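Below are two complexes that have subunit A in common, paired first with subunit B and then with subunit C.
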Partner chain A sequence: MKVFSGMAISASALTAEKVRIDVVSSNLANINTTRSADGQGPYQPRNVKFQEILDQKNTHGRGVQVSSVYKTDREPRMVYQPEHPDANDDGYVAMPNIDVAAEMVDLITATRSYEANVTVLNASKSMAQKALEIGRG
Partner chain B sequence: MNVNPISVAISSNQQSQEKKGNDFMGHLGNAISQGLNDVAQSQNKVDELAAKLVLGELDDLHQLTIASEKAKLSLQLAVQVRNKAVEAYQEISRMQI
Partner chain C sequence: MTSIVQFLELGLDASALRQKVIANNIANLNTPGFKRSEVKFEDQLKSALGGQAGVSLQATSPNHINSQGSRPGAPTVSQVTNTSNRADGNNVDIELEQVYLAANSIKFQALTQQVSDQFSQLRYVINEGRR
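And then the complex of A and B:
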């Protein structure tokens, strides 16, 4: 029903922001991970890429979707720890290059964006309810 | 959430659909039963999502809250349509001949 199309757009935004928060929590959890899942090196921080969803006629937008969660390609930061099992020949361990301040800013923007979309959703719902009051009384 | 009365109304409506022809009352009855069908479907969807939440299989919590708001709005709309139809009938029945 076209009545609920605005709510569907906000719902897609809520899902996308939730993915972004998941990525931030994954980055912060792996801040000291010296070996990633495929064993190639330290954990590389992830980031999300959003994309607009278009309707069939490609005229106006139908919301947002996460087009990809990509690994960034940053130089790992070297920490001198010779007794670590993953240390290289010089005694340096490659740690992930994650900027905690940048991740926290991403977290805050994702949270505020989530709250803003919930406000929009409540507004469309109360608009629909007000429309039902036409002719009452 | 008890949706049994609505589904009973739909099944009895569908049985009598073949008797109604292409007249105005036929179209109106079809439209009303279609609308009630949609309302019942949205209620069933909310029950499905709530069951998923209890089992721990729900992906996003906001899916459940948005679906329950949609079901509530659809039901409110159906109630308003019924009120208008009843009002119109009462208005007509009050006409003095």
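And then the complex of A and C:
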């Protein structure tokens, strides 16, 4: 229904930004994780890729979606800690290579985008409500 | 009376379309390579009202395409591909979009108000001036 398609566009953006925030939380939570879930060395930071949802029928897009959440391919940081159980023969531990500043910037970007889309959603909602008042009184 | 409502309806349709296009622009604020779109409507309507229907397709041969196309004054969506001041190729400016959003919202509400007024005028006339 056309009235609600505008809201669906904003909803898709809220979902996508939420995924991005979840990825940032995951990266920051695992900043000291030396053993990843699959056992292949330290935690690899994740990143998201956004993509516009296109629609052949309409002249405008239908919002945004997360096309993939992928593991980045960074070299781990080597930290000298010989007493650590995961230290290698030289006494170095492979720690995840997470750039805290970059993660915080992503977090702020995602939050700001989320707030902007909530504003759009409220505007669409109030427009629809105003349309309901046509002919009344 | 009805033609006024028809024009207001055109304005409402265009405003609703503009709302969706702005929503799509803001939704794709962080999408790399995305270019914003905009809705052109006011100029189309002005030329349609002024009687000059812009440039119409003159078919001088039966092989020419004829312009059944859209009715005069219909809104068009076009992509803005020229500007980009970000490293990821995205050209959505959030502040501008918010301003367009606010302006469009007010315009829509003004149009719905006018449509309501048209109908209440009709009701007044039907009631022969009594309330």
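The rule is simple: the second predicted complex is superposed on the first by the 130 of 137 C-alpha atoms of A that agree within 3 Å, B and C clash if a C-alpha of one lies under 4 Å from a C-alpha of the other, contacts with A are read in each partner's own complex, and residues count from 1 in each chain.
Here, contacts are C-beta pairs under 8 Å (C-beta built on N, C-alpha and C of every residue); 3 or more make two chains touch, one makes a residue touch a chain.
Because the structure is a prediction, the values reported are computed rather than measured.
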| item | value |
| --- | --- |
| Fit or clash - subunit C, subunit B, common subunit A | fit |
| Which superposed partner A:60 touches (first subunit B, second subunit C, both, neither) | second |
| First, second, both or neither for A:110, with subunit B first and subunit C second | second |
| Which of subunit B and subunit C A:51 touches, first, second, both or neither | second |
| Partner chain in contact with A:4 - subunit B first, subunit C second, else both or neither | first |
| Which of subunit B and subunit C A:126 touches, first, second, both or neither | second |
| Three-chain overlay, vertex subunit A: subunit B-subunit C angle, C-alpha, nearest 10 degrees | 50 |
| Comparison of subunit B and subunit C by subunit A residues contacted | C |
| First (subunit B), second (subunit C), both or neither touched by A:15 | first |
| Lowest C-alpha to C-alpha distance for subunit C against subunit B (Å) | 6 |
| Overlap of subunit C and subunit B interfaces on subunit A (superposed complexes) | 3, 7, 135 |
| Interfacial residue positions of subunit A with respect to subunit C in the complex | 2-3, 5-7, 9-10, 12-13, 16-17, 20, 49-52, 59-64, 109-110, 112-113, 116-117, 119-120, 123-124, 126-127, 130-131, 133-137 |
| List of subunit B residues in touch with subunit A within their complex | 38, 59-60, 62-63, 66, 69-70, 73-74, 76-77, 80, 84 |
| In the complex with subunit A, residue positions of subunit C that touch it | 12, 15-17, 19-24, 26-32, 34, 37, 76-77, 94, 97-98, 101-102, 104-105, 108-109, 112, 115-116, 119-120 |
| Interface residues, subunit A side, partner subunit B - complex | 1, 3-4, 7, 11, 14-15, 18, 118, 121, 125, 128-129, 132, 135 |
